[in-house]
Structures are given as C-alpha cells and as structure tokens.
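Pasting the structures in now, so scroll down.
Next, two complexes with subunit A in common: one pairs it with subunit B, the other with subunit C.
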Partner chain A sequence: MVADTAETAPRAAPARQPFPGRSRLARNGSLAGWTFAAPALIIYIAFLVYPALTSLSISFTSWNGISPTRTFVGLQNYAHLIHDSVLQTAARNNLIWALVTIIVPMALGLALAVAVNTRIYLRSLIRTVLYMPAVLPLVGVGTIWGWLYQPAGVINDLLGDIGLRSLSHAWLGDSTTAIWAITVPAVWVRTGFPMLLYLAALQGIPVEYYEAARTDGASAWQRFRHITFPSLRATHYIVLALSLIDTAKVFDLVYAMTNGGPGNSTQVMGTWMYFNVFQSYSFGYGTAIAVVITLVAVVVGIPYVRSQARQLV
Partner chain B sequence: MTAGITRRAALGLFGGSALGASLAACGGGSGGSSGSSGSGGGHTTLTMANYDTTQQAAVTDKVTAAFKQQTGISVTLDSLPGSGAAIYPGKLRTEMLGGKAPDVFRCWGGSIAQPFITSRQVISLDPVYTQYGWDAKLSAPNVKDMTFNGVKYGLPLWASAVGVWYRADDYSKAGVSVPTTFAEVETVNAALVKAGIQPWLAGGKYGWYVMRFFEWFLEMTAGPDEHDKLRNSETSWNTSSVVDAFGILQKWAKNKWLPDGVMGLDPTQVEANFTGGKGAMALDGQWIEQNIVAATMAPSSYGTFIPPTDQSQLRFSGFTEGLFVTAESGKAADDEKLLNFFTSVSSQELDQNAYTTVTAAPPISGYAGTAQWTKWLAQHDHYVIQDQSLSTSLANAYFNIQSNVVQGTQTPAAAAAAMQQAAGASKSGT
Partner chain C sequence: MTGPSRRRGKILGGTAALVLITVFWASPVLILLTTGLKTAADFGAHGEMSIPRTFDFGNFTSAWDVGQFGVSFVNSGLITLVKVPIGVALAALMSYSLAKLKINLRRTIIFLMLLGLTVPIFIAVVPIFTMLRQAGLIDNIWGLLPPYLAFGLPFEVLILTGFFRRIPHEVIEAARIDGASELSIFIRIVLPLSLPALITVAILDAVATWNELVMALVLLSSPGHRTVPLSLLNFQGQFTTNFPALSAGILIAILPILVAYAFLQRWIVSGLTAGAVKG
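After this line comes the complex of A and B, so read on.
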C-alpha cells in the first residue's frame, strides 16, 4: 500500500535550500524570534539593563547626586566597604534577618499548612486569616508594630497582665533587642506565603501513601517525617530560594520601625544604601552598596533560576 | 478583507504610528518645561516647590494670587507636604537632574541647602539684595543663615527657634516655677519625677530630637565661641566641654528625665503627647503651639522659655528657611519679583507668617508663645541647629554616638573621642 510504504520508508533528508541573498540569522529562522522578542527586550534594556549599567558606572565615582560632574575614583568606594563598620553591622543584621525570617516562616508555614489541610470547621476562613498579613503593606505593618512595641505599648501591657512585668522592655529603644524585635512582624507577615505553597503541594500527595502507612501502623509523626516532608522537597526548594532572594531586599520594616537605629544598630544593607544615597548624598558609595546587594541576590537566585529553566526545557 | 487592509499592512501602520509617536515624544521634551508657557503669549508661569501642608498651601496660594494680580505672573505651587528634610531635598534633586527644576523653591539653610549651592543649581542673590534693599527688611541673623562663603543665595523668610514648652498644670502639681538657670532646670526635673510626672517628652528614632538636648548642653558647657568652633570643626571635639555635655545627656537618660527607651520613640508623637498630658516639657519649635491651640489648651495652661545656658550671651538653637532661585529657571527677573513680593507688607498680611523674618510684619495674634519667640529671635542671636550645621557625615556619626551615650554603652569621654575621630574623617572626606 502506498500509505504503508510512505510510513515505513526512511524519510529522505530535505534538500538544502540555497536561500541566496538572505542572512544566516534569517536562514535560521531566528529573525522572527528576535522580532517578537524585540518589544519586551527594548523595555528590558531601557528600564533594567541601562539603569543597572549606569548604577555600576556611578559606583566608580564620587558624586553628590546633583553636581553636573562626577569624579572617577576607581575602586575606592568598594575598598571603603571593607572598612565601613556600619556596613559590617548591616551585613550581620542581614544574616540574622535571613536566618530568622526564612527558617521560622518556613517551619510555621509548613506546620500551619498541615494543620489547615485537615477537615476542620471554618477551614477557608482560617486559611484566609492566616494568609492576610502577607498582603498588608510593610510600612503600615511596621508603623503598627512600632506602636505595639512602645515602652507603654500593648506588648509590655500584655506582659504586665500575665504577671511578667519584669520582662517589659523598650524593645526598639535598646540596640541589643531592636533587630530581634523587628524580625517578629517580619515572621508574622512572611508565614502566609510558604503556608500557601505548602498547602498547594500537600494536595498533590497521594492519599494512598498515608493509607498504606496507617495500615503498617505508622504514627502521625512517622507519616509526616517519611511521607509528607520528603514529598514536599520541590516546594521546600522554591520557598527557600524565593525567601532568600526576598531577604536580600529587606528595607521597609526596618525603615518604618527603627529607621536603622538606635544609632545604626538595626541598619541592613538596603537601609544603609538608602541613607548613603539619599541622606548623606554619597551616591557613589551608596551605589557600590547597591551593586553588592544585587550581586548577593543574583548569586543566591542562580540555583532557583537554573531549576526553573531546567523545568522549561 | 474589510476596507482592503491586510493584517500585515495594519501591523505596519500600527508600528509606524508607534515609532512616530516615540520620536515625537523624544523631540518634544522642551514643550512642557516647568509648567512655563514662556513669554511668547505675553504670560509667564513660574513653578514654586515647597513642603507646604494643605493649610499652608492655601495661604501661599493667596499670596501668589495677589502677586499675579499685581504683576500678571502666575505661580504654580508644587508641594510635598509633611515630607521634611529627609525626603524633600531628594525630590528637588531628582527634578533638577531630570531638567525639570522648579523656578523657585523653599529650603532650609545650612548643610541641607549647601549641596544645591556647591553644585551651582541656584543663583547668587547678592545683586538682588541690593536692588530690592532686602538687608534693611530682614532680620540679620537669618540673612546670615542664607549666606554661603560670603554670598547670599537665599531669601530668608521663616525663622524657627527651639525652646522649652511646658505645661503649667504639671509645674503647679510639682510645686515648681519657670527655671532661670540650668541647675534650676534639673531641680524642676527631679521635682516632676517625685510628683510622678514625666519631665520631658522626646523621640530619638531619627536622632534629631535628642540632638536638641545635646546642643543645648554643649552651648552651656562650651559657651558660644567654642560651640561655634566645634560645629565648624575648627577645634577638637575631644575636650572637657564635650565630655561634660555628653555626661549631662547620659545623666538625663539614666535619671529617666528623658522618657524610658527614648531612642526607639517616634518624635512625631511628642506634640500629641504634650497636649495629651503625658509629659511636662518638650524641647520644640514654635510649631508646637499650633497643636496646643488646636487642642484648645487655654493660654494660661502652658508657657515657653529660652533654655537656660548660664552663659553671659544667651543663645538658643534655631534654623532658617528661605526661597532660592534655580540656575535652570531662565526667568530670574520674574523669580526675583516673586521673592520680593513675599517680603512686602501686603504679602505678610495675607500670609500671617508666624515665623517671619520680615521686620515690618504685622503682629501675630492668637499664638502668645510664638509671638514671644519672634521677639526673642530678634533680641538674641541663635546657633544653627546641629544637623544643619554639621556636615552630613558628621551629623550621622553623631547620631550613632548619641544613641550609645543615651543607652549607656559608651562613656562620655569615649563619645567625645569618637566625635573627634568622626570630625577628622569628615574633614578628610574618608
């Protein structure tokens, strides 16, 4: 049969077309691709690449942000980073911030997701309430928590009411407690997001696994440890990567609650960059800090981006 | 195809239009500069940037409307209310960098205005002072605040002073009267604490409120001459007078004369806490009286006095705000006319400016304390408030040191040494 012959016979290699007068780009068919990508690419270059390169060039200069001339100082701003004691405090605070605001929300988010994944009364309402802090503007959250933390504020009042008056403290007015105090609202805000992702991932774990485990006599903890936790591996990875990128950008809560103080004890890289650029008018140095923040975020984000790219292939 | 247009042709038409629009936009940048309609139509519009509140903007609008009536020149107000010195200068910078500088702008003097001057973004007003005789119209100490390297760049129109504002009911409860010496101030503090009243209200979150206390103490321990030299970094900060001033600050914090946890408190709450009766005294400017009056406190229930320094020359902290003309404006003559209009008696009557530096301004009614301060500002010299007189880097270093002193983590001697180190670094630009 003709049809059989056509299906079984090896396909002949298509004859090469000479495409006289057309470029290799056009011959490869990528011209159409570039054309379709062009609008987005132009916007990307104009609003991201160009400003980023301009910032990079500013970081090699001494500039007050308004003078028509910038003085080229080479790597001086970057050399100064090493000797900047406030930057060291900021880097340490970023590390504290990263540890607390990644680990605690992940753990709490997972626990809450497991808890609300069961058939409980008003489940949807509880999920909404738990996620709600994540949608609040951070400056508003910072302002409200700033009031709660006042020496005569609600938190100290509550401590007094439960007989722990001795623990009441000027939480934001003491350099030793201020950064830890700011991480509490950060945890409150950031728990909803991992909870949501974990909740979605939990729906995908086959019920049969749990039924089999129950039949084998596995306890609730054993089921969690050997079924739930390993099954959420991909979600752990996404939550961790996104949280890491997010922590590099910390600014709002610190700015709203302590303005980097008392003194400079709660400065983080983002606020210290802001103060240098917009308050000390050291655009060159502030931009050098911004470049470092960007590099950290890029390095931290590479594994996530690569994993996402791999999934697309 | 409908109307005979292919999809390819339609896309081409759209692309061409977009390109044309883009090119037109690129080439049309000069059309809307500063809201000016230019002089071609015989009508000029000036833009004026400031940080007026809605209420203040309404008053400024009245003044500019009167100006228009007299000169035919319109003024468009571009306000950033409540932004303060932390944000407003940034807006001005952005506008200047973007080629959209206002024609005239309001700004504080000292280190806040300095970058605009060193970057040649504002013009010298020296010839205009002569032309309009402003020196005779304005208070001399305020003109000094707008003078940089011997050149007058700004027209000072608003003068503020930092003084003590107290609640008469708290003084009465504690059985004290208005102190006239620094020792008496400390006696009042102790008496108020004994009566269960918080002596001072303050907020150290941004540093500048607590700084007002330190500069008062330093004026007392160092005296006017040394204080001025310190602020200009002409002498070492590592001296006994600085150690003593930091020592007093630490004592006030330790004795809880300043509120507990003061470094974490927001200074914007001070005025509300004062009118709310949460403390007996505030170290504040005349603007606090607007809140006092708004809170319907009777004139007899509060008072104000100059912080005693026990020096033969009594000075207090103050700062001046003025109007500047941008170099980009290109309408200097009209800008200067506007500035001069603000100094006129008719403008002052409309403005009811409680902080005026204009010597022929009408009297202030309804604000007894503010009126008193206007007299004191004319009678006494003032030193420029520290965060406007120190370089930005030194002021930032000071805020950190101050925080340590208040929390008791740095001794006054170490603080003075640290200030000197910061002053040296600031001078050498490292």
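After this line comes the complex of A and C, so read on.
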C-alpha cells in the first residue's frame, strides 16, 4: 500500500482561524469541506437514500401504484413471501446464480491470467479480446446467446457436427435447463474482470522470487504454492467481494433471454419484483421483494464496504 | 535445435494456443459478423459459420430502419454525455473534501457513500417512478439523470477519494499558504494531477450508463424515447427467426461500445486494476 502523507501532515489551514460570531461549521473549519461534499451528498440522499427508505415504507402497504392512498397492511407482504412459490424458485435461482457466476469466473479468470502471463506474443491484444464481453450491454449479450441457444441455433448445430445430436435441446425452452443456460453467458461476461485483476497481481510478483526459488530447486507446483498463491490472496478477496455484491443485481440477462419463463422457472428476485410491480400492479408486494434483496446485498457487502472505508478514512 | 530458437518455438506454441482460446472466446461476436453479412439464401444454404459468399449490407440497412437505432443512439448518447461529466464533477468535489479537507462526520459519510456500492437499483425503482410521475418526467430520458447520478456516485467516490489521498499534502498546503482558495486549489492543482483517474472513472461510468437497463425499462415507454438496450429488446422481439437480420441488429447495437472499447481499453484495464487492487 502507498504510504499516506495526509495522516501525518497537519490538516488545519492557517487561513482558517477560529473566529467568534461565525457559524459552528466555520468555527470548526468544516465549512469548505461540507460545501464541497454537499452537492453529491444531496443528490445521493435525495435519489438513493430517500427512495430506499420510501420503499421500506411502501413495503408495509397494499398499493396498486395509482390510487392516492396506500393501505397499511403491516407485515402482510412479508408474510406472503413465504407462501409465494415463484419467490422460492427465484430465491433458489439467485443462489444458483451466485454460486455459478462467482466460482466459475474466478477459476476460469485465474487460469486465463496464468496462461496470458506466460511468455507469449500479442499479450495485450489477447487480454483485450478476453475482457471484451464485459463491456457489452447485457441485453446485447442476452440477445446473442438467446439466438445461439435456439432449437435450430448454433449450439445445437455444433453438437450435431461433433456427433452429439442426441444432446441437442431447447435450452431456454426447458425449465430444467433454462436457468443453467443463462449462467453461461454470465460466466462469459464475468470472467474478464478476475482475469484482469489476477493478471495485474501476477505481474506484481517480483521475478527474482521465482529465479531464487528455481535456483533452490523448487518445482513448478512448489513455486505456485509458495510464491504465486500467497500473492493472490488480496485479489481473491476483492474479486469475491465484488462478485457477491453484483450477484444480487441479476436482471438483464434473464429479462432479455427468457423473460422469467418458461412457466416462471427462471425468475430471479429482481425480475420477480419487476413483474409484480409493473405487470400485476402489486406495488407493495413487489417493493417488499426489493427490500429483501437489498437487505441481503447490503449485509453481505458490509465487510467489503468496511474494508474499503478503512482505507479511505 | 539451439537454445534461443527452442525458446522462440515455445513462445510461438503458447501464443498459438492462446490465440485459439481467444478466437473461441470471441466467437459469439464473430458469428454475428459471418451471419449478419449473409443474404437469406446464403444463410439458408450454408448456416451461420461459413464465410459469406457475397458481402451483403441489406440486413444492416433493414435492421437499422426497423430497430430505430438512430433514435436510440441519440438518446443514449445524450444521457451519457450529460450524466458522466456531472457525475464525475460531483464525485470529484466530494472526494476532494473527503481526502483533503476538514469535514466532521468524515467516517460516517465515507461509510454511507460506499454502502451505496452494495445497493441494487431495484430498491429505488418504485419511489423514483412515482416521484418522476409527479414531476411529469416519466417517459423522458432526462428522468434517468437523477437516479443514474445517485447510483453512480459510490463507485466514483471510492476511486477518486483513493486517488486524491495519494496527492502529497505538501502540494496543497503550499498553495494554501500562498493564499489560494480551496476551489482554485481543487481546479488548478488537484484536477490536473488526477487526470488519469478522472478519465478512467468517466469511461467506466459512460459504459455503465450506456448499457443500463432496469431504470430505463421502468421509466421509458414510447419508441422515440428508447435507449440502446431498450431498442435491442424491442428489436429482438420482432426478429426471432430471421437470424441474418437479428445478427445485423445486435451488431449495430453493440458496435459503438466495441469501437469505444477498442480505443479506450488501456484506460479501462488500468482503472479496474488500480481501483480494485488499491481501493
């Protein structure tokens, strides 16, 4: 980590002496600080914090979104969550989503990073192309893969070409395979990020360590185990934390590829919230789903937030 | 074989293997090209993967017209061009305060802002929708601006505060002793020193804004107000079986971001790694 000079240097500016009669903020020297922070803070509170709290209050009501009055129903929406079978499917799908789209991209990203980090030509071009899916609009990714997965699409054609026609399948039309099929483009999109981070971490390991280990007769596995792996611990943590935060936000790929179907089998919490609010006009119930996803995401994300905040304070 | 040439052979072999993996990785996009450039007859006879017999841009012109991508490029471009500079400016001001100025409740503000990283946009969908309906800003691309700004701030503040903290305090202190105001220190010293971080944050923010779906889906409805992701969704619905036209439409929709990425990838790569590794 970079040594921090701000911590030790005096903070008080000579031009800002305490001055009786000025406001409290001016006297304690925070006026400039607050003035600079205020515009962003106001936008953030008005359009993120306040809406979040409003959602919490809406979640205790029954409301069709149009009528001027909301009926307070207490915890009824939350009680309904337990009896909603689609919500259970959605929760299970979120869990599948989290497991597959965190673990597979991490493993694949590490493998690709190690491969790209060997002595090769065209390294930066290869790295650029491997990361490319991550910048595409997810709706575009979903549309591409939705087309590859069609019954007469490329994936089934390829299976036929290699003699596995028996495996060809209506991948997105069958409720047992659909959610798994959607995780594949998610892996395609998400592998680039861990690859970049692992690659940066690998390149940060001094070559001398490996040279010294080689002179001492360490095997390739020993070098990986005792030099490479310990150096990647911070990266594992960052990738895992950011992936955990991201996984609660799943929406675009499911919406673009299956619209939650067939028979609601690919609903995730985000899409099921959307359908409840904007198709069934159950604003109260839909918002309760949003509150639940948000609570889970925030609680899971807090260790990461604290570790980042500690570095900035 | 001699030592150096054997080494070169090894490098070539490794490169070839990785190029194969990379082509495979990029194949979903490459297939769009080989399909989108084909006539329907060529596609019917030879499928997706063959090289087109004749290059035919007819799919692109019809996809462009039917998908109304022109309108959505303008809409997505406008909201991105307005949102990103405002968002980065607001975040930079706040980050300077958090990194270098005296401000009470610093810890609380930092924690509150970073907590926003974890908050899914779903939580704001219904209140923002009703707020904007009251303000008459439903089905108006400018209604996207407030939520996009608010949800973009946590990441921008995280990266910029981390960067500003590494500016030596002496530089700022010296300017203060010379009587410079905080605003002029910020504009004349901090911003120029931070140009790489500002550009990276702006690029990443632009990509996220251009690609955003949930808020746009909730707030926009009429065809003339669609952003690129909405146009593509709508287009996909109309061309489920005409693969050459569908491929052409997808390519049109992702082309601006691919071109931008090709030119700006260095900033994206360095920003992601610096931001995530050092925080």
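Some observations on this one:
Methods note: the second predicted complex is superposed on the first by the 276 of 313 C-alpha atoms of A that agree within 3 Å, B and C clash if a C-alpha of one lies under 4 Å from a C-alpha of the other, contacts with A are read in each partner's own complex, and residues count from 1 in each chain.
Criterion: a residue touches a chain if its C-beta (ideal position, glycine included) is under 8 Å from a C-beta of that chain, and two chains touch if they have at least 3 such contacts.
Note that this is a predicted model, so its numbers are computed, not measured.
In the superposed model, A:Y281 lies in contact with subunit B only, and not with subunit C. In the superposed model, A:W180 makes contact with neither subunit B nor subunit C.
In the superposed model, A:G65 makes contact with both subunit B and subunit C.
In the superposed pair of complexes, A:A297 makes contact with subunit C only, with no contact to subunit B. By the touch criterion defined above, A:G146 reaches both subunit B and subunit C.
Between subunit B and subunit C, C contacts the larger number of subunit A residues.
Contacts of A:F229 after superposition on the shared chain: neither subunit B nor subunit C is touched.
In the superposition on chain A, A:W171 makes contact with subunit B only, while subunit C stays out of contact range. Once the two complexes are overlaid on the shared chain, A:A256 sits against subunit C while remaining clear of subunit B. When the two complexes are superposed on chain A, the residues of subunit A that touch both subunit B and subunit C are 65, 146, 278. Subunit B contributes residues 86, 90, 93, 96-97, 115-116, 118-121, 204-207, 259-266, 392-393, 396, 399-404, 406-407, 409, 430 to its touches with subunit A in the complex. Per the touch definition, subunit A reaches subunit B in the complex via residues 64-68, 80, 86, 146, 149-151, 169-175, 178, 258-259, 261-265, 275, 278-282. Here subunit C touches subunit A in the complex through residues 10-12, 14-15, 17-19, 21-22, 25-26, 28-29, 31-32, 47-49, 90-91, 93-94, 96-104, 106-107, 109-128, 130-131, 146-147, 149-151, 153, 157-158, 161-162, 165-166, 168-170, 173, 176-177, 179, 182, 186, 207, 210-211, 213-214, 217-218, 228-229, 232-233, 236, 243, 246-247, 250, 253-254, 257-258, 261-262, 265, 268-269, 272-273, 276-279, going by the rule given at the top.
Of all residues in subunit A, those touching subunit C in their complex are 1-2, 4-6, 9-15, 28-30, 32-37, 39-41, 43-44, 46-52, 54-55, 58, 65, 112, 115-116, 118-122, 126-133, 135-140, 143-148, 154, 157, 188, 193, 196-197, 199-201, 234-235, 238-239, 242, 245, 248-249, 251-252, 255-256, 269-270, 273-274, 277-278, 283, 286-287, 289-291, 293-294, 297-298, 300-302, 304-309, 311-313.
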